[in-house]
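Shared between the two complexes below is chain A, which pairs with chain B and chain C, respectively.
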Partner chain A sequence: MDPFLLEAVLNGVLLGGVFALPVLGLNLVFGVVDVIWLCYAELVMVGMYIVWFLHTQAGWPLALAFATCLPAIAVLGLLLHLLVVRPLLAAPPINQVLATGGVLFVLQGAATLVFSTDFRSLGVEMPPIELGEVFVSGTKLAAFVAALLGAAVLWAFLKFTYVGTAIRAIARDREVMPLMGVDPHRIYLIASAAGGALAGLAACLLVVQLDVHPFVGLSFGPITFMICVMGGLGNMLGGFLAAFLMGLIVSVGGFYGDTDMSYVVAFLFFILVMFIRPQGLFTR
Partner chain B sequence: MSGLVLPVAVLAALACVPLLSPPDYFMHLLVTGLLTALAGTGWALMGRYRLVSFGHGAFLGIGAYVMGLLWNYYGISPWLGVPIGVAAAVGAGLLLGYPCFQLRVVGHYFALVTLAAGEIVRILIVALRDVTGGSLGMTPHQAPPGGAFAAMQFDKAGFWWVALAAWALGLLAWRVLDRSMTSKALAAIAEDEDAAASIGIRVTREKLKLTMLSVALAALAGALTGQYRMYLNPESLAGLGISLQIVFVAIAGGMYSPIGPTIGALITIGLEESLRVAFGTQFTGAAAFVYGILLVLFMIFLPRGIAGLLERRAAARPGRRLAGAEGTVPAVQPPG
Partner chain C sequence: MSGVGTLELSGIHAGYGDFQALFGVDLRVEPGEAVGVVGPNGAGKTTLLRVISGLIRASAGTLRFGGADLAAVPAHELPVLGIAHVPENRRLFPQLTVEENLKVGAYIKSARARFQERRDHVFELFPRLKQRRHQLAGTMSGGEQQMCAIGRALMSGPRILLLDEPSAGLAPLVVQQVFDLVRRIRQEGLTVLIVEQNVAQVLRVVDRAYVLETGRVAAEGASAALAADPAIRRSYLGGALSAWIPSCWRPC
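Right after this comes the complex of A and B.
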């Protein structure tokens, strides 16, 4: 196999790992609360700014900045739920989506006000790792491993804890669960915080690969929504697999043509999937 | 006949605005406001029947870029280029809409498919940078001396009349739709698609008619905006950002009233400009920040927008009928 193609495939898998985290977070929130957070990528953007600011401006060690970012974005997710989503729980879904679209503007505007539109770089780079005849970026590999770990922790949380079981149950049937003694609002809060924490983790992994600017969310936001829908909204495993599929399309497409066109191909693929299997690629 | 007097009088009065020779800046705001209102009107036509598109920016972009490319590369005047651009956008709308409606992609899924479509157009414009100028944008060539009219290159007053005509066309389209059987069919479809289909409404066909109308107005707004600014840019004419702004215009003003998007456009432009004047250009984020907060507040407290508030006031006053209420079918009512 052509080593450059192999490298593109490998990079696609790594990219899929990075897409996977926000996809899992979005699916978690959608599956439980039944609301699409249109501003999800902007939560990630805020997290990236937090890490960048704490590390380069305040001089904190990177690990401490990461450790602060996670709970901070979890709190942001909570606030989003309490201030915006909760008053709209009974509203038509479109009103909910548009309200979170408003939050997208708020976060972009706030980031522009505070940090201006300059591109900020963390300036952390790990040496590339040689695998046979292929070079892989060390930062991307580390981010990939961290993404898989995050996904595994989420899976264990949902599978083995009492709260996780309640979350899965409410995603299955939100009418009956309250009758079984589960307080849906408490579960909504936990899911929102967990969704936020996943955005925070995604921010830590992205900030080492991308420069931060107020509109960075628009560069990976749309594709994460598409991956969610492709995997089946609310379907964790489907979204996880679709993330790798999209990562491969983008990366291998970029190998044959230029990167922009590979996104066009990926989006067209998404539209096709919508027409062929609107319920999601991996839904039984 | 009496229903015609008021609109004609308002239009005539608006057409006289340039004769008062207002300052250029003021005219600029008015022209921008009307074109924004037109895009919002197009979006609201679909939005009020629960077809929420997050990709209307795509149609603005197609309209504008088809027109601009025809002028720059083939010397085809925008007088022809604008209709061709609108036709191209309508074609794209049909291409996207037909499978969507046939395969019943609705609700969240429709919103996300249109979002993808909007992004595709934006990225295509960026990727074809050799032709379109990419993210740096594109400037239509200046018309040769004496050929300004033929190239649709006017001063602000001239463009005011063009924009006014386009805006009036949008309101006319709204009114024609409101009085047609299509609007009744669409209201039924928005309530319950299966029930509507079971009483013989051809769901796909009715939705496609609506989409064509909505897309045409958006594309017209996009093409005229590009021509007015004499500058085309993928970020301001395609993609998620501009699509959401159109949505904001329609929602804030009220998408259930024909005049709602215009109110929304005036608020949006007014807000943007007053923030710019108040804070200067280094606070560019302030407008987006305030927009966002308003959008959230509108969704929570005033989902029918400002026009909805005004209508409620008018309806509450006894002995007065709602302006233009006769013969109109109330579009989908949001609960509460």
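Right after this comes the complex of A and C.
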């Protein structure tokens, strides 16, 4: 196989791993709370600024900046739920979408106000790693491994803990949950914090690969939503697999054409999926 | 003061929005008793259980369990007090395995520590569930699902079990198994309040029963007395029996 094509395939897998985190976070929140956080990519953007600020401006070690970003965005997720989503739980879905969409603009505006529209770079790069004939960016590989670890922790939480099992149950039938002693509002809070934490982790992995600016969310937000819908909204495993599929399409598409072209291909593929399997690729 | 685990409803009014379904229901279940609630479709039987387990609030009247007023207790804290409710149509989590369904049933703090012990007890009550512990609940037969729903409710270690039409939609043989099970649960000292359409069967299991009609208690009494009451026989028992007899053989 052409080593450059192999490299593109490998990069696609690595990219898929990074797409997977926000996809899992969005699906988790949607599955449990039944609300779409339209501002999800902007939570990631805030996290990227936190890491950038703490590391380059406040001079904190990178690990400490990462360790702060995660809980900070988890708290942001909690606040988003308490202040915006919870008051609208009984409202029509369109109101909820518009409200979280409003938060998207608020966060973009606030970031512009505080940090201006400049592109900010973390300036961290790990040396490339040679795997046989191909080179892989060390940063991307590290981000990929961290993303898989994050996904594994989420999986174990959902699979083995009481709260995680209740989270999977509530996605199917919220009305009977109180009969098992489960307070749905507490579960909503936990899912929102976990969704935020996943955005925080995604921020750590993205800020080492992308410059941060107030509109950086636009570069991965739309594709994240597309992947969620393609995998079946609320379907964690489907979203996870679709993330890798999309990563491959973007990366291999970029190998045959250019990167902008590859996004066009990806969006066309998405539209095609919506015609053929509107319920999602991996929905049984 | 009423006994440790007495369930006491007096003058309960409840409904959905503007629609009123219960009109001043009085009901009492003593600890260790098995009590039935029977009545036609739409009488308010499910609504009554939903009021007891806090899923809907009474608009008037008092609801007490073990002497404590439940008016201000949120629904999710009632399992902690010892109330478990097997809802109408079972409402299992179909995408979760049998064992995971039991795990959700053991969600409350006091139950988590005793998960294994209670799960093994449930498996002993329903050996079928043990065989199918890793099967998705939604893929089991109706009877197995009902067993799983009852098992899930037992996992919280309740003092009173509310059962909403456990025999609905099951084949006669399986219905028999469900009622045998209710008998066994009783013998273990659990208090049972059971709603049923299957009047003939339920009167053989419970000590007392209430007849609910359009949201009001139309009759109440010991099972034997109700089973012998001509009016009850005509409205409920006759109907239940005649369903199995070709119409040409039926009297009148």
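Keep in mind that, in the parts below, the second predicted complex is superposed on the first by the 284 of 284 C-alpha atoms of A that agree within 3 Å, B and C clash if a C-alpha of one lies under 4 Å from a C-alpha of the other, contacts with A are read in each partner's own complex, and residues count from 1 in each chain.
Keep this in mind: contacts are C-beta pairs under 8 Å (C-beta built on N, C-alpha and C of every residue); 3 or more make two chains touch, one makes a residue touch a chain.
Keep in mind it's a predicted model, so treat the numbers as computed, not measured.
With both structures placed on the common chain, the touch criterion links A:Pro128 to neither chain B nor chain C. When both complexes are overlaid on chain A, the residue A:Val176 reaches chain C alone and has no touch with chain B. By the document's definition of touching, of the two partners only chain B reaches A:Met226; chain C does not.
Residue contacts after overlaying the shared chain place A:Phe267 against chain B, while chain C stays out of touching range.
Residue by residue along chain A, chain B and chain C are tallied for touches, and B comes out ahead.
Once the two complexes are laid over each other on the shared chain, residue contacts for A:Gly138 go to neither chain B nor chain C.
In the overlay built on the shared chain, the residue A:Leu88 is in contact with chain B alone; chain C does not reach it. In the superposed model, A:Arg168 makes contact with chain C only, not with chain B. The contact surfaces that chain B and chain C form on chain A in the two complexes do not overlap at any residue.
Within the complex formed with chain A, the chain C residues making contact are 53-55, 74-80, 84-85, 87, 91, 93-96, 100-101, 103-108, 111-112, 152-153, 156. By the touch criterion stated above, chain B contacts chain A in their complex at residues 50, 52, 96, 99-100, 103-105, 107-109, 111-113, 115-117, 119-120, 123-124, 126-127, 239-241, 244, 247-248, 251, 282-296, 298-300, 303, 334-336. Taken together, the chain A residues at the contact with chain B in this complex read 36, 83-84, 87-88, 90-99, 101-114, 116-117, 214-215, 218, 221-222, 225-226, 229, 233, 258, 260-261, 263-264, 267-268, 270-271, 274-275, 278. Contact residues on chain A toward chain C in their complex (touch as defined above): 162, 165-166, 168-169, 172-173, 175-184.
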